[in-house]
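The data blocks that follow each hold one structure.
Each of the next two complexes has subunit A plus one other chain: subunit B in the first, subunit C in the second.
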Partner chain A sequence: MTAFLRRALLSDYFVLGLCVVYAAAVAPFTPGFLSSENLTNILTTLLPLLVVALGQTVVLIAGGIDLSATAVIGLASITGAMAMNDETGWLAHSPLAAPAGVALMLAVGAGVGACNGFAVARWRMPPFMVTLAAMMGFSGLAVWLTHSKNINALPAAFTMLGGRTAVAFAITLAVAVLAQLLLSRSLFGRWLYAVGHNPRAALISGVPVGGVVFSAYVVSGLLAALASVLYTGQAETGSPVLGQRILLDVIGATVIGGTSLFGGKGKVLWTVFGVLFLKLVDNSLNLLSLSVFTITMAKGAVILLAACLDSARARLGNP
Partner chain B sequence: MKTKLIAAFLAVAALFAGCNKKSDTPAPPGGALTIGVAFETLQTEYWVAGFEAIRADLKNRGHTMLEAVADQDANRQIEQVKNFITRKVDGIIMVPKDAKTCLPAIKAANAANIPIVLFNRPADKSDARSVAVVADNFSLTRDTVAYLVSEARKGGKKLKAAVLLGDLGDLNAIGRRDGFEAAIKGNEDIIEVVARIPTEWNQEKAQAGVVNALQANPDIGFIFTSSDFLFPSIVSALKSAGKYHKAGEPGHVILGGFDGDATAWQMLQDGYLDATGVQDVYFEAAKSMEAVLDLRAGKTVPELILDPGFVIHRGNMAEKSAQMWGARMSAKK
Partner chain C sequence: MTNALQFDGIEKSFGGVPVLRGVSFAVGAGRTLGLVGENGAGKSTLMNILGGNLTPDAGLMLLDGKPHAPSHPTDAARAGVAFIHQELNLFTNLTIAENLFLTAFPRTAGVLVDRRTTHERTAALLAQVGLSAAPDTPVAQLSPGERQLVEIARALSMDARLIIFDEPTTSLSTRETDALFALMDQLRARGVAMIYISHILEHVLRRCDDIVVLRDGAVAGSGAAEEFTTARLVSLMVGRELTQLYPSRNGAPTGETVLEARRVSQPGVVRDISFTLRRGEVLGISGLMGAGRSELARILFGLDPHTDGAILLNGEPLHRAAPRRRIARGLAFLTEDRRHEGLCMDASIADNVALVSLRQHAGRVPLRLLNLRRWRETIASIREAVRLSPQARDTQAVSTLSGGNQQKVVLAKWLLARPAALILDEPTRGVDVGAKYELYRLILGLADDGAGVLLISSEIEELTGLCDRILVMSRGAVRAEFSRAEFDREKLLEAALPREVAS
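Now for the complex of A and B:
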């Protein structure tokens, strides 16, 4: 393999380069693709996906996976809405409705994450099975609590968090910066990579493997709940099935960015580029008015390609 | 290496060059319009029929259609409507995921001064401005169930009934439930409702619900479903219980539905189905497009345009089949 290709594949900016090439190829044939309106639309839809993908990144680095993220989005959405809504909410019309609602949503996310983390770290259960069971159980709970009904009449102070792009951008930027500091500048971050790379070696080296894995799932749950704040704000409705269809996008975007499914490797920047690439593909195919089946097949092909690239990069990095 | 990269770039570009299709139909007077059509799903025959009816109507008028299907994701649907706004469409026809989550999308269209018409599902009352073309779910269900009750009276025996309810976040489901209850009211001497099965428009839940209802009440003799697309689940449950018989045969369970799909048409022809309320999807598609044109022309359009539909049963199926979308779909196969 040529040195150029090797350098390109291993570069931090490989996926960003893909974004630029893709956008340049698509723009001449996609009306409105590079308009300021469309770029704003891409940004608006990208932000909540990035937040939940950052949580997924943390778990993947630790060598696990979190399939329950979408269930957290739905459960947090209706829990917050039940508390905050102006019609039947426990905090209806209270000035504390929005902050208390957000706190409750984050608590729900952290709680689900803690359940997952406990099962994986303490009981040594396979992450795939634990989080799959959590996805089914908690999404069913959300539907049961609301009898499938949506909840609207949410306070404006809450809906603006996701509904106003500038506010959502500020929140997402803060999360990305914190995640970057956590992963690159903290002891916890070093432990996380060590556990994902080789949990036995990490344990022998004195890393509290159980605590690190537990914390990774709590972070993932928290960030899924924060994404729910943004999604719920955009939809102006608490919905038990919110985000139900985006699991493939979450994991796909994270892997496209370069975070390894095998653990021990991942960066905030990579996830940002991965989410951007997936959103560019999604948006361009939508603007071209292709059928949803074509879009789904195209995205599936892109994610499969990303998984192959991940495998290639893993081999290149370990000759 | 550079040559290979350029070739790959050109290949990707060529792939998308063919995607932007233009209409071959001559432009109508006033120019061809571009209409964005956003559906929540194409998972049932009704939605496919509605989608194709709108496509055919637009083609006949010489307009271009941009399509988007949200795959039951409310946030995706908002994004798709905003993409239509970016494309500066002349009008939007949308099937909302539900009555509440469509409001941000409608508000975005209002802000862009693009007329938006809701197909088959209305929005909740709010300051978001739209026109909805919907079936008169209440009246059509009431009339369909009234016919079924009259069939039950001919048997002279009081029957136990089960009703399959839709997703109660969908105003259509609520209308049909209310229509069912209205038809039953006053006929409790002949019909006793023993099971109200919540299906959330899900076939697996419908089947499980009917199986449970038949286990608890093996003598159920009357079943109404809020949508014909749940019939395969009902038929499977009835067959398992040994209760799937044609009209006139001993043990026939009076069956009724709503929508008028190809399955219902086949069951009517075979003698298993007694009646179904048919949504006139062609009427709804035409009225949706007329509403878009009238809104563009600045005319006053009522917020709700009702499709009266019609009840089809074995007594009138010969004359009504031409209007039934399920019968027409069957004929095409």
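Now for the complex of A and C:
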């Protein structure tokens, strides 16, 4: 029994197992939980969250943290919308509006990521402070730029990227596959884990530590911007506060999946399962029509539980 | 007369490697005992046991005839054992008085600190140690010698009956050293027993009543100070039977210089270091702890800066090249601190072994995917070459390996980069005898294949067994150079000992 428990705890699929157990446990009490409509709903809201969380995974593996991911979502959303909307946008009615808008949004994400990466890698500032400042600064900037208004009338070619679940699914799948390749099979991936495990040893072994850390933040910024494309498409509106409330979901889901806050540990698959678990909890509590506060409390408890399980796994891993 | 302190059969091993093997000796009441031995002879471990930082595997200690088994440093302090360390343990942001009474402020009504009493008692203690500073002086304003006096005052405030001085004169000027010795005389007159640890053998011979020599975790010699001379101490410290065999060389140094230092200096760290390392040569660097050997290695590898001089690799100056550029040009560096700088302890054997040479397996940009099959083949072949324990799986974390196997992983990592010159800093520290031989074989094999090896070691035997030439460093400078024909353990050790500074 203990051997089985041990193997289950240490398995890559542990969190997927938790998802199944959780779904089975709440389904009888939650009307409509397993309806195809609800499952599609879960999938739709899960996709952009997974994209941001994958970026967060990359930064966490390098031993950092990116609190500015949600600010990127808001800032990219309004920058894209300002450029593309049919009323005031300078790309309005252009056939290239959608691709140029997406490129602009990604550039915003990469730019914010580059600022974070530069401050952390070159100036050796603590990632928490750097990205916290970036979060406050850039989300403030987004609100200021738009006077806190949403921007509507986005081109259909753009909104379908996030609005059509099949397209969003294809994009997310491509990102996940690419992330998997990058983390498990590329030079950058091996370097990333080494830097997360022990930056000094990595430096002495000739790893370009600064460059790797910098790139991790750029990747996180890029993926947050891509998530913004999906969210903005789903909402069909550019909003400066888009994604403002999902920061803890992003970090919580990543950590529930098993990625370590101390660096050196994390997998694409883990984050996929972590996001799935968080969304299942979120969705089921919503269906029970609990208040927002109750849901937040319940999610807090779940994240705490995940942290406990993680430290138990870590202890099992190194006896 | 009872002894102030008695060690009886103290044993301690770390990870299966014995560090203390039945150490027994006594410190007479009111006497000063000099404790000498090479780095790694077990002095620090023994003192850590006495101070409650470590618990012995076997044996017991008697303090004033009563059993002494501290499980925590505060137990030892309460029992009247005080330490005056090489690196002082004072809070520099606090005043002298605060440092002295940190754990036991005189209080009024049980809560508030009684400032007046604190002040008076501090002044009295400072008078005893001869320090003329006000009790509310911040420690940051004191010189190293004055700080040491504060430490001694603290020992007195705790009513210490046994005071251990660990290399107390390292950071003191000659005048401060004399003042310290005068104070030690006073303490002795008051009946305080002392243990005096130092590499400066003249001091030990002159200051101490009795002397104990530790070697390889056992007492190699003991007796009254009059029975010893510097020469006898040195031979007791190093003169062990040859228990380790060294593999034989198949090659010899050639004329080509691979690594060269020209008057490399960094204020306060190293000064005026010049040497050449030739292809196929094993050049040893000997010296005591703090002589600047590791610091030199770090400068050579580009981890620390140097203000003057030049470092040349294959005849070309390195200027300020970052470590990875030096690696690309054929330099390798096995660090002294394996856990923190040599390995990613929680990462797998395969990931650690491959880290330096990873680029060789990477494909084209942008993704630069690794050729995993070739990667695995390389790892398998290098594992064979370094004879890594076959039971260990590639995916196993290196933290689960023994010290010797961990070091083989580090060496394998560097071998894959095919370096022209290797800097090895204490490569066999914490490695058992069997694995040591294999490491020696690998090191000599590298030299036989034409690499230059710079070997830093605190074990003189290891250096004389492996090197073609040995440089001896002391206080940041090269003090002497010996070629293979001139190797002599006692001369090497003598050259490494810091001479008394003439006043």
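Here is the rule we go by: the second predicted complex is superposed on the first by the 318 of 319 C-alpha atoms of A that agree within 3 Å, B and C clash if a C-alpha of one lies under 4 Å from a C-alpha of the other, contacts with A are read in each partner's own complex, and residues count from 1 in each chain.
The criterion applied here is as follows: a contact is a pair of C-beta atoms (placed from the backbone, for glycine too) under 8 Å apart; a residue touches a chain by one contact, two chains touch by 3 or more.
Here the structure is a predicted model, which is why all the values come from computation and not from measurement.
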Fit or clash - subunit C, subunit B, common subunit A: fit
Touched partner set for A:N198, first subunit B, second subunit C, both or neither: second
Contacts of A:L181 with subunit B and subunit C, given as first, second, both or neither: second
Which of subunit B and subunit C A:L288 touches, first, second, both or neither: first
Which superposed partner A:G206 touches (first subunit B, second subunit C, both, neither): second
Degrees between the directions from subunit A toward subunit B and toward subunit C, using C-alpha centres, nearest 10: 130
More subunit A residues in contact - subunit B or subunit C: B
First, second, both or neither for A:T172, with subunit B first and subunit C second: neither
Partner chain in contact with A:V21 - subunit B first, subunit C second, else both or neither: first
Distance of closest approach, subunit C and subunit B, by C-alpha atoms in Å: 28
In the complex with subunit C, residue positions of subunit A that touch it: 181-182, 185-188, 190-191, 193-194, 197-198, 200-208, 264-265, 317-318
Residue ranges of subunit C touching subunit A (in the complex, touch as defined): 301, 303, 323-324, 327-328, 333, 335, 340-347, 351, 354-356, 358-359, 361-362, 367-370, 372, 397, 399-400, 413, 417
Contacting residues of subunit B [partner subunit A, same complex]: 1, 9, 12-13, 16-17, 19-20, 42, 66-76, 78-80, 82-83, 85-88, 98, 100-101, 103-104, 124, 167-169, 198, 200
Partner subunit B, residues of subunit A touching it in the complex: 2, 4-5, 21-22, 24-26, 28-32, 35, 37-38, 41, 44-45, 48, 143, 147-150, 152, 163, 231, 234-237, 239, 241-246, 283-284, 286-292, 296
